[in-house]
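There are structures below to look over.
The following pair of complexes shares a single chain, subunit A, combined with subunit B in the former and subunit C in the latter.
On to the complex of A and B.
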C-alpha cells in the first residue's frame, strides 16, 4: 500500500509548510517526522512536553506499535491479506492465525492490519486536509472580517446544519465509492468546523497588544498573520485535528460497513466487521477483533488530543 | 469612630493560620503562621504585594479557597465559634450573615443572568427570617443607603445595566444587608476609577462606623490604607511582618519592608524630583522552604542572624509589632542605606544641543465611533470618544494625560500610533512614535523569544544586517537594565517588571522620537512600579526621547511628567506644567481628582476635608450641550449648562476650560 506509506511524507511536509510553526501533533504519530520538528526549538519543546504527558504517552504506546506492525506487514509470517485458504475456513484464533480466519480462509489479523493502514491514512488525510482549509479560510474570515467573513460563514453555517455522517453519505452517493471519494467526503464535512474554530481563535488574537505593536512598526498583513496569528492558533487546531482523525476513522468504518466506502475484497475495518456480522454466532472473532482495534485507535487518538490540550493549557487537567 | 472605642471586645481571633496550595509542581506555602485579632467596629487593612498571601489568608478565614488550597493548621475564632471545626453547612450559614464579602471585580461577582433583586432578596429572607415582601423592602432600603438612585426601580435591573461603580455599591449593599459582624473586602476598589473609588471608600467608612461592623480590607494601595484603616497589617511571604495602628506604622515604620514600600511611592504633594527607591530582587519562591527571614535577600540591613533565624513579631509600641531583629529596621542598619540619588539634570547629553522643538503636534483631533443603526432612517448611535483635542510635546519632555476610564486617553494613544484613524484633525510626528502597552502579559507573542521580540521592529523595517541587528538588540537590553542572558527566554519566563522592560526595549528599537506609554505601570506591584518609572525617567534624560504618559495613577503621572493634560469626556479640561497643575488646580474636575487620591499620611488624611464629587461620567453617546462636567461639578451655574467653556489661557502656560476658573 504505497498510498499509506506516503502518510509519513505528508505529515512531515506539513511541518515544512509555509505556516511556520510545527508542533508535536501529527509528527508524533509518525516517528519519521520527529527530526523535522526538532529543527525548530519551540516545536521540539512542544514535542517533549507532549511526550512527558501521561495520557499522550499511553496513546502513543498503542498507536506507534500498531502503525509499525502495519508497515512491517509484508515481512510478517502471516498469510497475505487477499489470499484465500480453503483448508482453513472460519478457524478460531490460534498461533498461525492470531485473529482466526474468515469464511474464505483469509487471515483476519493481516486483513485487520491492512484495514488499519487504510483507516489511519483516511484519518490523517482528513485531519490534514481539514487543518489546511480550516486555517486558510478561518484566518481570512476572522482577520479580514466584513464581506469575506459573512460569505464564508454563511456557507459554513449551511454545512454545519447537517450531521457529518449524513453529509458524508450524501456526498459519497454523489461522487461514488473508493478511498479518495471517502476522504474527500469526510473532509468536506469536517472543514466547516475547523473554519469556525480557527475564526474564533483569530478573532481572539486580533486585538492582542503584540499585534498592535507590530502594526505600529508598519508590519505587513502577511507578517502579522504568519508570525503572530497562525502560530498561536496551531496548537488548539492540533487538538481538534486529532479528534477529527478519530472521528474520520469511525465515519470511514461506518461508510464501509454500509457498503458505501472501501469496496471488498480490499479490506477496511468497516467492511471486515460487516463480513463477520453474518457469522457472529459461529465465528465471533471475524467482527469483534477488528472492532476492538478500531476502538483502541479511536480511544488513543482522543487520549492524544487530551494530552496535547493538557500540555497547552495546564488548567484543563483534573 | 466613637463606636469602635466604646466597645473593644474581640470579634475575630486568628491563631497561627497556615494555608498551602497543593499544586502539581509542589506545595505553595501561601500563608505561614498568621495571627491577629480584630475588634468590633475595627477597620483593618492587609497590605502586601501580589503573591504575599493576603488574599489566600482572607479566603482561608471563611474557607472559600480555590481548589488546590487547604488550611493545614491554625484556628479561626469568630465570636467564640471555631470556624475551622464547622461543617460546610454551618459555615454556609455564617457566610453571608455573620460575615459579608466584597470582591475585587464587580463585573464577575454578580450573576449576569439574574436580576439584582433575585440575588439580593433570598439571602436576606433566609438569614433574617423575613417574608419576601419585607426582605424586598429591606433590600431597597440598603440600595438606597449605598447611593443607588431610584432604588425601588433599579433593584429589578440586571447587572449589565449598571456601571462598575454601581455594581460595587450593590455588592456592598449585599454584604451589609444581613447585619454581618465582619466584612471581608478583597481589593474592593481596585477596578474602579479614582473618583468612584473615593465615593466607595467614603461609603464603606460611613456604613461600618454606623453599624459597628468590623472590616478586613485587603489592598495594595497604601494611600487607601492611610485614609481608611485604623490598623494595618503588612504581609510578606505569607507572614505578617508588621502590624499596628495606621498612624503609628506610617509615622514610624519599623520593618525594613514597610519602610522600603513607603519610600517607593511618589508623593502627590510637595516637591518630588528625587529618584524613587526601588526594592531590589523578587519575593521568595513560596514552593521552597524559607530559611531565616524571608525578606533577607532584598533587605539592605540584613546581617548574619537573618540568614539563619526567622524573626518573630516583637512589640514596638502600643499595639505595634514588627518581625525584625533590628528595633528600628533600616534606621539601625550598620551600613548606610544607599542614599537616594538626585537626578542629575545638568549633565551633558548630546541631545541637549539639538533645538527644543515640538516633536509631536495634535491639532483639533476628533474620533467618533459610529454604531449601526437598527432602522435606516434612525440616526446611528455615535460615541464621541475624542472631541477636538490639541496638544504638543517638545523634544525630551513628557506629557502626562490623566482622566478616568472613558475619557478618550487611550483612543488618542492609538491614533498617535496609526492604530486608529482620526475622524478629523491632524497629527504631526517628527520621527517615529512607539508604544509601551499596559498589560505585560498580552503585549508579547508567547511563541517568540525576547531577542526576536526586540528585533522585530528592525526586521520589519529591514534595518541592518543580521549581525548589526543582534548588536542593537544587545545594546537595547542592556539599556533597559536586563542581562543579555534574558534574550534566550520566552515571555512567560519573565516577571511583570522584566516584561515591561522588554516592552520598553522593543519600543526603543527604531530610535523613536516619541514613546507613548499607556498605563505602563498599572499592572505592576508598587516596588516594581518604582523601577519602571525610574527607567523611563532615565531614558528620557539619556536619549532625549519624548514621552506621552497615559495613566489614571495621578502620583505617578505627576512624578514623570513635565506637562499635564487632564481629560474629561474626550476633551482637555486643563493643561499646564505638571507641578503647577498639581499644586494649584484650576478646573473643578482636576481638583476633584486630586481630592480623590489619598495621601500617605493618616493624620493629614484625617484632617483633610474630602470633597467627593458625586455621580458618574455621563455617557459619551449622549454628551450634554454645555460644559461636560456640569452634571458633577460642585460650582455649577446655569451658564455652565447652556454654554460650553473653551480651553483658554488666563495665566502664562496654563489653560483651562471652565467659566469659573481664576
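On to the complex of A and C.
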C-alpha cells in the first residue's frame, strides 16, 4: 500500500498520460520484474485506474474512514464497548452517546465500531478464502477438463443446491458458533460460486490466440497457467470478491441475529441488533442505528465492485 | 423437448441424491451422536448403549444410510429428538404458512417490479435520467438492506408505532382475515428486497432490447410507445427476468427464515432455528434437505420454462 502511494507521488507528473490499457487483458500477464519499470507495474497502474474511478472513490471515502475509526476506537472520547454505566441506561442518541446507550448503559456507537471491526474481518476473510479456493479449483476444472472437471462440478452443483444462508445455517449447526466457524461456514457456501466463475473465465481464455501462441513455443502448463491464464482472470474475480465480501458481512449479521453466529460477549453487528430487538419499543436506536452502518458498508463494497468493473470494461459505464 | 426434460430430470435426481448423501454423512461427522444428544446427561453408559441400538446407530454406516434413504422415500422423517413429535406432522403444519409467504411475495414482486423496471429502462432510453436514477438508486439501497434490519424497522414503524399489524400471535389458517393481518408485514419486508432486485434486472434487460432494430421498426410502423414497450420490448426481455425469478427463490427462502424469526411466525424457518437451538439434528437434517429440494425443483422448472421461451437454448 505504501509502495503504491509513494509510487503515485513519484509519477504524479504523468497524471495526464493516457490511462493504462484498462482491459486487464494481456497487459497484466506481461509483468516486468525490472525495478526500472516499476512505475508501469500493471498492478499499480490498475490501482491508479481504480482510484481514478468515481464510484470506487466514493466507496473508499466511506470504507477507509470507518476502518480508521474502528482502529482508533480506544483513543476516541467514547465509553469502552464493554463498559456498563448504570447512570445512563437506555439513553437516546445525544452528544455524549451519538448512538445512545443500551439496557446496561453501554455505548451503542463504540459497540457498533467494535462490531464493524468483526464484520470487515469476516467480509475480507471470506472473500480471500473463496478467492484462493475458487482460483485453484476453478482453474483446474476449466483448464484440464474431463474427469476432474466432472467431479468438481458435480460437487459444486450439490453445494449450489442449498440457498446460501441456509447452507451457512446448516454448517454452523455442525461446526458450532463463533468467529472462525462462521467464517468457515460462509466461505464454504461461497467457494462453489467462485469455482464456477473461475471455470467459465478459464474456459473462455483457453481458446485465445495468445494461449495458442504460448503453446506453440512449448510453454509448460505451469507457465501457461501462472503467466497467461490466471492473471487474466484476477480482475473479474476481484469484482466478484468485493460483492462476496458485502454478502458475507450481511450473512454473518443475519446468522448472529438469529443467534447462530458470533455469540455475545464477542461483539458483532448482528448480535448487537438482536440485543436491541427486545427493547425496540422503548429504545429504537439500539437496533436501528447499527443497521445503517451495515447498509453503508454493503453499499460501499458494491460501489467498489462497480468501480473495478468500469475500469476493466469501459463499455459498462452508462 | 422431451429429451431435454429427461436430461434435466436426471441432473435433478443426481443433485438430490448428492444433497441427501452430503447431509447424512456430514451429520455423522459430528462428535457425539444423536443418541447422546437426545439423552443429554440423563442416561448412564449402559442405557445409552441400549438407546443407540434402538435408534439403529450401532449398525454399519452403509446400512444406516440405506435405511435412511428408504425412510425418506416414504416421507418418514422420523421423530424430533427432544420432544418425540413426528417431524412429518410438524412440517405439514408449518409448510403452508411458509409457502403462502413465499408465493405471495413472488406475486407482489412480479406485479410491482416489472412495470417499475420497464419504466426506468424507458426513461433511461429516452435520456430522461432523473426518474431512472431515482428508481435505480432506491432499488440498490433497498436491495442491500439486510432483511432482518428492514424487518425490525417495519416492526417498529407499522406494529409498534402505528399499531396497524400485530407483532405476534397465532396464525389461524382457516381465517383469511387473520392470516392477511398477520402475514402482511413479513411479506412486505421480503417483497421490498425482491422488488428491488427484480426491478434492476428488468431495467437492464429491457434497456438492452430497446436499442434493437425491431423496436425501431415497430416504432416506425406507428405503434404507440406503450405497445412497443410491453408487446415488443418486454416480451423479448423476458428470458433474463424468468431466470432471476427462479434464482431469487433462493434468497427468498433465506428471507423467510429471518422474517419468521422476527415476526414469530410458526413456519418452516422457525422450526429450523428452534431445531438448531435445541440441537435437534433429526429435524435440522430433514429441513435443510427439504429447503434444498424446493430450491433445486424451482431451478429445474426455471430451466424448462427458459427452454420453452427460447427454443435456441441448449444446455
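Here is the rule we go by: the second predicted complex is superposed on the first by the 278 of 318 C-alpha atoms of A that agree within 3 Å, B and C clash if a C-alpha of one lies under 4 Å from a C-alpha of the other, contacts with A are read in each partner's own complex, and residues count from 1 in each chain.
Following the convention adopted for this analysis, contacts are C-beta pairs under 8 Å (C-beta built on N, C-alpha and C of every residue); 3 or more make two chains touch, one makes a residue touch a chain.
The structure displayed is predicted, hence computed values, not measured ones.
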What is the contact status of A:308 with respect to subunit B (first) and subunit C (second): first, second, both, or neither?
neither
Per the contact definition in the header, classify A:227: touching subunit B only (first), subunit C only (second), both, or neither.
first
Quick one: is A:109 in contact with subunit B, with subunit C, with both, or with neither? Answer first, second, both or neither.
neither
First, second, both or neither for A:137, with subunit B first and subunit C second
neither
Using the touch definition from the top, say if A:273 reaches subunit B (first), subunit C (second), both or neither.
second
Once chain A of both complexes is superposed, is A:215 in touch with subunit B (first), subunit C (second), both, or neither?
first
Touch test for A:258: subunit B only (first), subunit C only (second), both, or neither?
second
Counting residues of subunit A touched by each of subunit B and subunit C, the higher count belongs to C
Considering only the contact definition stated at the top, list the common interface residues of subunit A for subunit B and subunit C.
318
Sort out for me which residues of subunit A touch subunit B in the complex.
21, 42, 208-210, 212-220, 223, 227-228, 231-232, 314, 317-318
In their shared complex, at which residues does subunit B touch subunit A?
24, 67, 414, 417-419, 433-435, 437-439, 442-448, 456-457, 460-461, 506, 510
Residue numbers on subunit A that touch subunit C, as the complex places them:
154-155, 157-158, 161-167, 169-170, 172-174, 246, 250, 253-254, 257-260, 270, 273, 277, 280-281, 284, 287-288, 291, 294-295, 298-299, 302, 318
Contact footprint of subunit A on subunit C as seen in their complex
11, 14-16, 18-19, 22-23, 26-27, 29-30, 124, 140-141, 144-149, 152-153, 155-156, 160, 249-251, 253-254, 257-258, 261-262, 272-273, 276-277, 281, 284, 288, 291-292, 295-296
